[in-house]
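Both complexes below contain chain A, partnered by chain B and then by chain C.
Up next is the complex of A and B:
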């Protein structure tokens, strides 16, 4: 067990290292941040030179990279060029907004997707199944900016049920501000959460459907029928656990994606989350914030993967070793 | 009270006709089938694949697959016409009145649920009134009943922690949970080793005698029928060929098909029971048991010495439970040129592993292999050890060992190309080979799924021969085939070896088959050679208790 954890940790470490190299080279090649920091109209070449030296941008890339890595080991991601705040603190400040959006979206997507998938799988090739399949193709193929705008059009402009954007009032919990604690906050959350959830409903439903069809052809579900169990019990107590490994895997991956890359939805709904911070920072060439965000995202993915693995072990007795 | 009903049929099938609506055509699966099942009897339904016997079992359970429809006749259970019931009523009959045992004990149980929970959920589904404590104590009682040792501990275990035989016992316990009147047992022992098979059949017989449950036993194996069935129905192409008491069908079959079926079963020919004790027991050392003359006469084409193979555990071997037992330990075998040598053992004995090592498909940790006087490095697999191609394999399931997207002709040509190894003079003619093996040349353009099981296995044999091998390793080549086809294939293998001078390692779990075919036999057990010698020695003289047990375990009264 201990060695498995050590193995996992060293893998994660390697992953972070590779990611940091790619991220660093990437952001380096986008452009020189100095021109965003000095006033391009009035700055003299001397001002630019001094700013460059102050930020350490006169050094070769590998030198800059090693200095960055060295700082990271001391827990310092640098100071944002734009906000003049510690970069990691800035990312953590945006986290609650993203976290609650992703959690609410997944709380809609996972149950809805699984139920629709089970229904479609049980009624294979029947009208219900075909309808679910077609809708899922639509939900997967429409771009998320269009979906977001339609949700705003229908949910906010035409009916006026929900606000069209922004985070609104928040309640304080564990020293941070959360929207889900107030009724208004929940109304603010609804539309962006739906925009994130719908494609995932479709994805999870399709996965569940194909799993259900596969498991239902196996002998043990036939044997369950032969021993007199009701179809509903077979579906929820036998079929569902047996198809849950791929479903939980995809839920984990998609959740990670929501934390990091809900850029379009966060931008359209003006939701102050991590994704929006990342895209803004890339545009402003705010290197410390970009690197801090990327590092956070990598850690989040590694942690989610570990949770999914843990779930396998809890679920499947064959992967457990009795003491 | 039960005695009064004893001779009244519990289940009556009247002129049942069933059709299957396929993508292309509608086929009749069952035609005018009529039968009766009485209380407390075991009724055997026997037939080869495609006979419709399993479909009949499913129809009784009300679990026909989509596409099947009943177009005529009736199934009456205690006078109740089953096809007139609603789905819900059928569901209520299942488990309580009619339950089932399937062939594949591994697939029958949910791998994610402890066996105790699976028994308890069945008990509670069938009897709402029970508390969970009562259900658990009944589950423990059932486990005890079917012969699971230490039920209280085993209750919490998962299916993968049980052996095959024990899993099938659990399946039987679940089938009994609702105290049913009928159990439909579809090939209940076909996936088990002979010794385990015998125990499970005895258990079924006891349960029938004690509880008065009726069993509809669907099987392809005459041995199983002769072991426990009271009456037999012989089926072919969806029709009943013949029915009657087991003894009369076995001893005096009226129909030609039944006679053929009986004749096709490989039988053990044993000397009178007294003979083993008349001979002086040979040395206990298995190597010394090999009849000496073969060693002197011929120089073996293949000599495998002291092969040891251990399967690596998971990626963290130091975490495994207990010491790991090797798959093979110091195994030595010899194969005489132009002969067939049998390797016999139960599952897990290492018999297939040695075959795969000889063929170069697997590596071994230690040991040497000498083919035609040349040494090969068996710690290397595949091309590296140079064995590949000189030894060809025939696998158990022909359907799975042919590429479904490759025509028969293309598959055989590939083998010719491979076998000639660049020199045109060594090329064999595909057409001639097909004639020899009784395959019509018109099949060259066909694809595997268009062939019958027997034809596919012939193609596999042709494919092996066309590669010009020195040795053919045949791993259970007839186990996936019907008995009548099995007999043809065995004859074909025999002819091939005698006419072409190929040598063959024949791996099987079936002693009777090996007796017909092989001159030398090695008996494998838990990765070691337990017993070895000429066929004659093994069957009549060997004193090895394990060998004796294997010979005795074969079901059926064919030995008389």
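Up next is the complex of A and C:
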């Protein structure tokens, strides 16, 4: 058990290191952030040169990289070039917005997806099943920017029920500001959460459906049926636990994805989250913030994966025995 | 941004109108809170940190300058009531009496000295974009609490104009305030018409009116700036009534917004976008003959530059690409502003004349050239490169347009990899752009900072230096105009257009005056008059 944890940790560490090299080289080769910092239409070459030196951008890449890594080990990701605030603090400041969006979206997506999937799986090849399958194909294949814009068009412009974007008023909970605590905040949250949730509903529904169909044909299900258990009890007590491992995996992965890469939805709805910060910072070449965001995302993914593994143990008795 | 365009149906407009018109009557009665959706992303609360519109426009609500620049770019009294040139290198500013900072402390000469010295001496790169304005200042003294005398190293006939850039902070007795201090810590404390109420960096700035403001009382009780960088999202927010006013509206959305009862205001920005040549290099890998062989740099011949200018269809760019929200350019600043020439005119393209000139210059078969530019930085930037490529194909010049994000473009351009590129210049006065783009590179004089192609014209340099030394007034304007006429006859750049700044607002705002510097400010918005 201990060796497994150590293995996991060293793997995670290696992942972070590789990610930092790739991220650093990538953002470095894009361009010089100085041009976003000084007014390129008025600055003199001298201004640009001095700003470059002040940011340490005149040094060779490997030199800059080692300085960055050295700072990270002391817990310092550097100061944002653009906002002049500590980079990690900036990322953490955007986290509540992303977290609540992802949680609400997953709270819609997971139950809805599982229920629809079970329903479709039970009624294989019936009209219900075919409708759910078709809708899921549509939901999975439409690009999220289009879905977001349609939601704005229908939910905001045509009906006026919801605001078209932005984060609403916030309430304070655990020392952090959350917008789901206010009614207006919830209204602001609805459309982006739906935009994030819909493709995931489809994904989870399809996964659940195929799992259900597979399990339905197995001996233990038939045995249950022979025993005279009600279909509902079989579905929820026997089928569902047996198909839950891949579902939990996909929920974990998708949740990580929402935290990190809800870029499109966050940009279109102008939701001030981590994804928007990442894309803005890449555009402005704000390297400390990009690196801090990437590191945070990697850690979040590693942690979520570990959590999913832990869940396996709870869900599947076989993994307990082998460990 | 495209989705609105796709739904240009009258039915939809009707639906929108019915949804929103009942609300209008109610909102006009209490036009108090103003919500602005802006592209300008406030980065910091330190008004001296970077000389970017993002900071200058939004912080102008809180902080003020000695001199204010109005919609015609003329200097107007702000914290200084009057100014006088006591000697060629000495300016005296009389300060406004009875002005108080938001914390109640009185505004005096000490604050002016503190602010100028903070920029000149204290701020270190990468901050301190304003240092080019304070660099010529030798000393600032206060003969009495309400007078400031600024002495410069050289002659500074336009010092009041330079003072339109610098925000005045309240002075501190123990050293200078750091950027971190201003960003976190205490509330920003200025003299402006609005008080700071709160902010989230890159997201939102909230302001409350300052009841003790020295000037006209602020028109709005509360102002909220929401940073919405995506133009489609900004337009959507304006359409749904989430914001009352939105800036930098894409020209293609204007018609649609008008149908929805949104008022549109626009003005020609005090700037220009142009094509700039590499004139320094003898040869450039980006310039080849039709078989791909590198040839001698044709841009060193002014006849080639003239031919290319003649073959550029500028009215097409402003009419079609910018949907009329642009002015075809023949010089560096839009005509009508001080120091511009009214003799320079944009002519329709003359392909035959251009071809004849190319033959005369020794390029009967034309040549191939790489034309680089940023994408999405300025209205119509990438599209105009395409348009120029098509224009020039008619005179045998093959253009290979290269479009990349602004910072990538700038990095590659500054490494000299492009022979021809799309550039822009803006500023508080035409001299800034004449100095930067057209004057010869000279670090000691600080000229030619944007003259990346090393264009040189000694006669023009002299004419410009002479004009700049003159006092503000019609004489100076005329001298600048004739210098411009002289240099444009040599075709140093191809001026393309002055794009228009477009602002849209709902009926909650009575009128809005667009500032040519691109500053979106609540002070420009007037409530409706009943």
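The rule is short, and it goes like this: the second predicted complex is superposed on the first by the 319 of 323 C-alpha atoms of A that agree within 3 Å, B and C clash if a C-alpha of one lies under 4 Å from a C-alpha of the other, contacts with A are read in each partner's own complex, and residues count from 1 in each chain.
Keep in mind that, in the parts below, contacts are C-beta pairs under 8 Å (C-beta built on N, C-alpha and C of every residue); 3 or more make two chains touch, one makes a residue touch a chain.
Computed from a predicted structure; not experimentally measured.
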{"item": "Fit or clash between chain C and chain B when superposed on chain A", "value": "fit"}
{"item": "Partner chain in contact with A:3 - chain B first, chain C second, else both or neither", "value": "first"}
{"item": "Partner chain in contact with A:315 - chain B first, chain C second, else both or neither", "value": "first"}
{"item": "Partner, of chain C and chain B, that touches more residues belonging to chain A", "value": "C"}
{"item": "First, second, both or neither for A:60, with chain B first and chain C second", "value": "neither"}
{"item": "Partner chain(s) touched by A:75 [first = chain B, second = chain C, both, neither]", "value": "neither"}
{"item": "Which of chain B and chain C A:127 touches, first, second, both or neither", "value": "neither"}
{"item": "Least Cα gap, in Å, left between chain B and chain C after the two complexes are fitted on chain A", "value": "48"}
{"item": "On chain A, positions contacted by chain B and by chain C", "value": "none"}
{"item": "Complex interface listing, chain A residues touching chain B", "value": "1, 3-4, 218-220, 222-231, 233, 237-238, 241-242, 315-318, 321-322"}
{"item": "Residue ranges of chain C in contact with chain A within the complex", "value": "3, 7, 12, 15-16, 19-20, 41, 43-44, 46, 49-52, 124-127, 129, 131-132, 179-180, 183, 200-203, 226-230, 232-233, 236-237, 239-240, 242, 271, 405-412, 414, 424-427, 432, 436, 443, 446, 449-450"}
{"item": "Of chain A, residues touching chain C in the complex", "value": "30-48, 50-51, 53-55, 81-85, 90, 93, 149-150, 152-153, 156-158, 160, 163-167, 267-270, 272, 277, 280, 283-285"}
{"item": "Chain B residues within the chain A interface of the complex", "value": "61, 63, 91-92, 94-96, 99-100, 102, 104, 107-114, 121-122, 125-126, 158, 160-161, 171, 174-175, 177-178, 184, 316, 318-321"}
